[in-house]
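Both complexes shown next keep chain A, but they swap its partner, so chain B is in the first and chain C is in the second.
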Partner chain A sequence: MKLNTDFMIKTFLAALKGIPVTLEITVVTLLLSAPIAFFMALKRLHKKGIGSRITAGYVSFVRGTPIVLQILFLYSLLPSLLNYLLNRVLELDFDVFGVPPILYAFAVFGLNTTAVLSEVFRSALLTVGHGQMEAAISVGLSRRQAYLRIIIPQAMVSALPNICNTTVNLLKSTSLAFMMTVKDIMAIAKVQAAYGYNYIEAYLVVLLIYILLCTLVQLLFKAVERYLSSYKKLVTC
Partner chain B sequence: MRPFHPEFIFTALRQILPYLWVTIATMAGTVFFGSLAGILLARAKIRRGPVLRALSEIYIYVTRCIPSIVMLFIVYYGLPEFMLAFGIDINNFSKAFFVIVTFSILFAANMAEVFRAAYESIDPGQREAALSAGLSEWQAFYRIILPQCIVVALPNFTNALVNLMKEGSLSYTIGMLDVMGKGQLMIGINHGSYSLEVYLALSLIYWAMTLVIEHGFGTLEKHLSKGRKIVAAS
Partner chain C sequence: MLEVKDIHKSYSGNEILKGVSLKVEKGDIIVILGPSGSGKTTLLRCLNFLERAEKGSIDFDGIHTEFKSATGHQINEIRKRTGFVFQNYNLFANKTALQNVTEGLIVARKVPKKEAVDRAKQALDKVGLSDRYDYYPSQLSGGQQQRVGIARAIAVNPDVILFDEPTSALDPELVGEVLNVMKSLAEEGATMVVVTHEMGFAQDVASRVVFMDGGTIVEEGTPHEIFSRPRDPRTIQFLRRILREDYEYSI
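And now, the complex of A and B:
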């Protein structure tokens, strides 16, 4: 077996153009999901009535089905649903099929990551002792202040490794975005490979890029973790 | 809005469910080979010399960074070429073979971490006590360490199994006819007109399987750790 190295270098350079797309999906998804996930985690911790039930069901469903199925389902549902709502019900003249596919990617990965992150936040909030909240309220902070200044900073430290895991998993699952015709690393490599049936070389290049990206993400989180835990030590002494 | 026929979900369920055994069989194969490789990796990481340990750590790190679909394509397109270099033609092998190879490679890394964490959670004093009571090294492992390891490893194993099942749905991309593949085939036969119904049916199947796995192993864990408490108390 001989690998076509010229092709690999060419594909590598071409696939580099897909990195911003992959990172964009990852970052935007995280930014969209984190606030919603946080409120879902709070809802579930307070166990107040139907809201907590619905959230639990949603989380269970998303975590119980493959992401590829979620992509296929939403990608076949959303465009026609949007078309129906905007053009038939609201009677706007909106070109649904001109919507950039990356928006669908945000929607699908957002829905998925929200569920995962809400579990991460829930377990992180549980690690902060009950006394912290009571102490904060007894010194005259409002609940909102207590969360922002006392609870969240402590919960963040214990949540960080799990958030890192979630980010790496999200990064890996963005390789499925090509199913929604998003031009990410995987899609570019697939197109390059199809020219001359150089599938193995193309996917080896993709593999290399993903390893590099994962390493980058993990180093980033290590740095943040070091920063946060040094801050924590300063507070304790 | 395209027409939606809820009753077709049941038709889809009836037609897809017979293929559940394909999914379960490939999962079983993957768990078997993946766990074997995982045990070897975990052993290398715990005991052996620095070279084996470094190799095992690199393997685990790299495989955890690879998206399943990339690995699946590399194995599906690459392995036949690679074997051909040794004069072995595996182009006609069943798709299931490539699926099991791919996911065993990935599952082994997860299992290695699960086994290692479980092994290290057991106090070394347990082994020493067993040896001093006259058990051989193998007996100490088999009768004292292993039963305690299994309880610790179960929740992580369950997680890995559910992930394996979900990632396994990707095998339809190389034309494997499992639950997901049959669903895609149904959509293809109907020219895409029942896609929502079929996807809903598939979601229900996967969701149910996840719940069954989690519940089953949860019960098993409760059952096994009951024995542990009695031992600890006496």
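And now, the complex of A and C:
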């Protein structure tokens, strides 16, 4: 078998144009998910109330279902449902089917990432001993101040490796966005490949781009981690 | 200055403090002794509202507070008047020694930064750490960490400092430096309530020794009264056991 290198170069250049879309989905999803996930993690730490139980149920539901299935459900069911709700029940004049598909991508990946991150944050908050909270309170800080100044900064450092994992996983799963007709790296490559059945070459190109992107993300997180964890210096003398 | 009356505290139906009353005058050094599980830690934690007692009251310079119904404001007032030194130091791991001490001044008490830094440095100097201002807890020995913990507690000028076994997490050779710091604080007139198993410290420094067992105060008196003429059989048994351990340890 011989690879069509001309095609590969062409596809590579074309697929590069999908990078901004892939990154947009990744970044927007993270920005949407992180605050909600953090709030959920706090809810689950203070075990009382139904907030904690609802959160736990949501997390195990989302994590227990394949993301492909979530996409299929959300993308095929939600528009019809919304259409019915908004236009029939509420009698608004809203074109549900004109919603840009990338919004659906934000929704699906956001649902998943929120669930994963809430677990990440929860265990990170647990790594900071309760004793530091008590010490903060005993010198007069409020709980809120203690969280903001003492607990969260440390929890974030210990969460970074897991946040990095989550980000890499998210970045990779955005390649499913083509199912929702989003024009990301994967979608562009597939279209290119379809002209002359050069699927192998197209997938190789996509593979290369994802490896590059994921490596970059990991390097970025390493740098941030090194910067933030300066207080963990070892005894030098 | 400080008087607690009839503290009761249970955990899931299990009564741990069964009506403890304690009076502390300015300049008192009260050492609390007692076997493991007798409720010493719980007592200190209730005083600082780290746990909420179900019954009892605390009078601080004539200000009366019921544990059960204390408001957030009342709790803050009492916490402002008390410092707490923890068995496991509980230093803020993401802050330097200096920042550990300034935190309560700047954030909680709104002391201007420059003044806070000066006061924090004084406190650290007092515990012998003038050369460790910018070290993180992970760069300090256990004894040094506990001394930062003491500096953090005294910097806010509390009326009384509560110590919960401040030396029991330390290697034996580091115990002395922490006890010396506490001794010099006592000589300067600080008011302290100290839970410890260091009998030497109790004998030398305490103005009053309190012996607790099973969630009540069994006996209290001067160090001389408790160590030379204990009356209650539980005190006698406890002292015999602990002094024997000390003796065996020293040979």
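As a convention for this text, the second predicted complex is superposed on the first by the 230 of 237 C-alpha atoms of A that agree within 3 Å, B and C clash if a C-alpha of one lies under 4 Å from a C-alpha of the other, contacts with A are read in each partner's own complex, and residues count from 1 in each chain.
Definition applied: a residue touches a chain if its C-beta (ideal position, glycine included) is under 8 Å from a C-beta of that chain, and two chains touch if they have at least 3 such contacts.
As the structure is a prediction and not an experimental result, all values here were calculated from the model.
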Broader residue contact with chain A after superposition on the shared chain, chain B or chain C: B
Touched partner set for A:Thr127, first chain B, second chain C, both or neither: neither
Touched partner set for A:Gly140, first chain B, second chain C, both or neither: second
Partner chain(s) touched by A:Thr181 [first = chain B, second = chain C, both, neither]: neither
Touched partner set for A:Pro153, first chain B, second chain C, both or neither: second
Chain A residues touching chain B - in the complex, by the definition given at the top: 1, 60-61, 63-69, 72-73, 76-77, 80-81, 83-84, 88, 168, 172-173, 175-176, 186, 199-200, 203-204, 206-207, 210-211, 213-215
Contacting residues of chain A [partner chain C, same complex]: 128-129, 131-132, 134-142, 145, 149-150, 153-154, 157, 231-236
Touching residues (chain side chain B, partner chain A) in the complex: 1-2, 62, 64-71, 73-74, 77-78, 81-82, 84-85, 162, 165-170, 180, 192, 195-196, 199-200, 202-203, 206-207, 209-211
Sites on chain C touched by chain A in the complex: 48, 50, 76, 79-80, 82-84, 86, 88, 90-96, 103-104, 107-109, 136, 138-140, 149, 152-153, 156
